[in-house]
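Okay, so subunit A shows up in both of these, paired with subunit B first and subunit C after.
Our next item is the complex of A and B:
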């Protein structure tokens, strides 16, 4: 097994097992989405109109939940220094971490998004478009959260700081995912464009964010 | 050529010489621009006297964006060449840019009340300005949270550069969001093209704001640079006594 694969397997298993794995963000998202109707009232029309935005927003917040642990633990217990000595570069490590975070922790978000969209009264196809938008946006959300996590690694109680850093940078994803759901719901024919833009943002984040994370981590290791 | 100013002492001398020019320049430009904009220039045929808010609002908006571009540029220079002056410039620009962004939002809100009939409109420009303000806050919070100075400078530089790359995307996405989901009846700030009698005072005010910001940044950087060197000297003296 190559070093890359070995590190991925290790990171994946740690992410899946530690801190409840996918259960944490999933439960958070469910709780948030269960509270929304209580906050804005049970009117089906309002709920249906609000659904895409609220669901995309809940997924964004859920993606921030685990960002603190992404690099913070490895930095405090010295694992990061061992990684720096390993043949896997810090840039590759950042890709691995974000990939493991998506595939082990965040993966329920599109499913929960789909179920919640149906429960909020969206029709099947538009709930599907919203869910697909979440699938396309998850890598971008994870990479930006990871970027903020790498910058704030080693800071005490970094959760709030990570949210403050990551949230403005994630604005485009929020707009495109919610836009995809809403466009499908209203039948404006722009759902496809929104989906492609969400995917494009994720790809751009994949091209750039790992270098930013590696640079931030290198500073921590000096 | 630019690396010549990475020498703190040379920069401090230069800044000390430039500050009065920009400071007095700003004072003179304000002395001309403020009465011109607030009293002499004609009220707008549609907006009446409220249009005078523009002379503070628009320069603030320009400068809040220019300051972020400067923040990103200075961060880039610091990140690549490790010139401390560039980091100090970034550190000085952030709060000033944040204040201008806040001023833009506040004056926009005051302007929106009589013109749009609401304090806040989820207009594309207002919203992206709000996101810009949040980016400034995130940058300052990150720097404040990291105790090690060099580490804070480095992390801040990376974040500022990421923000600079992402800013056009945010702007685009917010415009897109807005055209999709806003009723088209919203009164736009950019309705008719601006009349010359309003353009000139606006340009004078913009120059005045720019000179003011330049003077403030130069003063701030010089102070921080001096404080840093004084601290280093004090530390050397204490260490010298210890041996």
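Our next item is the complex of A and C:
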């Protein structure tokens, strides 16, 4: 097994088991989506119209839930030094971390999004478009969260810093995912374009964020 | 110590090194070299730059000036880099796969951890964690230089003896060791560099 694969398998296992794995962000997203209707009232038209935005927003916040743990523990317990001196570069490690975060922790988000969309009164195809948007956006959300997590690793109250760094950078994903759901709901024909933009943002994040994460981690190690 | 012609694959050369931390110069104009089989123990009060020097040699800290030429190395810092959810065996086999070297059982046996393979790292005592971290470090087959930061701090007498034997074996095979420590490690034939006393290394 190559070093890259060995680190991915380990990180996936640690992400899936440590800190509750997918349970934390999933519970957060479910709770948020269950509470919103209580706050804005039972009008089905309002709920249906609000659904794409509310669901995309809940997924964004859920993706920030585990960002603090992505690198914080590794920095304090010496694991990051081990990785920095291992055959796997910090850039590759950043890709691995984000990949493990998506596939072991954030994966329920599109499913929860789909169920919530149906519960909020969206039709099947629209709920599917929204859910697909979340699938395409998750890598981007994870990479941006990871970038913020790397910058804030080892900093006191890093949760606050992560939210302040990541939230503005995740705005395009929020807009495209919600836009895809809303366009499908209203039949404007722009759902496909929004989905492609969400995917494009994730690809751009994949091309850029790992280098930023590696630079941030190197700085935290000094 | 004299600086000899450096064989970069097998030795360590530190030349005119200046290191600072938080604006304070810790190491000024340090020059030394290490040849295969040699061991160097860094001593000195807290805050005199022992850890910083080890981290600089490992490449984790950038020196203010000077050069470091180091053979492939393995580094063990203050932290044991263990995850409490992982079992001892998982931690070892991960490190073995990372370096493409066996499955790590032999190294566990050397450090007296064979009976603990199915324990999670969170259930180990501080000394057992240190032993495990040392065992893991030996799995890198390319490392010719071990950098150890307080390797024996939580170890009992038996652990210290095992560490001394491990280091002696490694040196006999041409490996080099640099350790920062307050405790007497009981290693034979080591050079000592006392940090924070003289401006330059001996």
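Here is the rule we use: the second predicted complex is superposed on the first by the 222 of 222 C-alpha atoms of A that agree within 3 Å, B and C clash if a C-alpha of one lies under 4 Å from a C-alpha of the other, contacts with A are read in each partner's own complex, and residues count from 1 in each chain.
The definition used in the following text is that a contact is a pair of C-beta atoms (placed from the backbone, for glycine too) under 8 Å apart; a residue touches a chain by one contact, two chains touch by 3 or more.
Every value quoted in this text rests on a predicted model; they were computed, and no experiment measured them.
Engineer: Looking at A:85 after the superposition, I want to know if it touches subunit B, subunit C, both of them or none. Which is it: first, second, both, neither?
Structural biologist: second
Engineer: Should A:93 be classified as contacting the first partner (subunit B), the second (subunit C), both, or neither?
Structural biologist: In the superposition, A:93 contacts neither subunit B nor subunit C.
Engineer: A:190 contacts which: subunit B (first), subunit C (second), both, neither?
Structural biologist: first
Engineer: So, does A:7 touch the first partner subunit B, the second partner subunit C, both, or neither?
Structural biologist: Second partner only, subunit C.
Engineer: Tell me which partner A:180 touches in the superposition: subunit B (first), subunit C (second), both or neither.
Structural biologist: neither
Engineer: Tell me which partner touches more residues of subunit A in the superposed arrangement, subunit B or subunit C.
Structural biologist: Larger number of subunit A residues touched: B.
Engineer: Can A:219 be said to touch subunit B (first), subunit C (second), both, or neither?
Structural biologist: first
Engineer: If you lay the two complexes on top of each other, which residues of subunit A touch subunit B in one and subunit C in the other?
Structural biologist: 222
Engineer: Give every residue of subunit B touching subunit A within the complex, in rising order.
Structural biologist: Of all residues in subunit B, those touching subunit A are 79, 131, 134-135, 137-138, 141-142, 145-146, 150-151, 154-155, 158-159, 161-163, 165-166, 169-170, 172-174, 176-177, 180-181.
Engineer: Could you please specify the touching residues of subunit A with respect to subunit C in the complex?
Structural biologist: 1, 3, 6-7, 9-10, 13-14, 17-18, 76-79, 81-82, 84-88, 221-222
Engineer: Note which residues of subunit A are touching subunit B in the complex, please.
Structural biologist: 147, 151-152, 154-155, 158, 161, 164-165, 167-169, 171-172, 175-176, 179, 182-183, 188, 190, 197, 201, 204, 208-209, 212, 215-216, 219-220, 222
Engineer: For the complex, give me every residue of subunit C touching subunit A.
Structural biologist: Within the complex, subunit C touches subunit A at residues 58-62, 73-75, 77-83, 85-86, 90, 94, 97-100.
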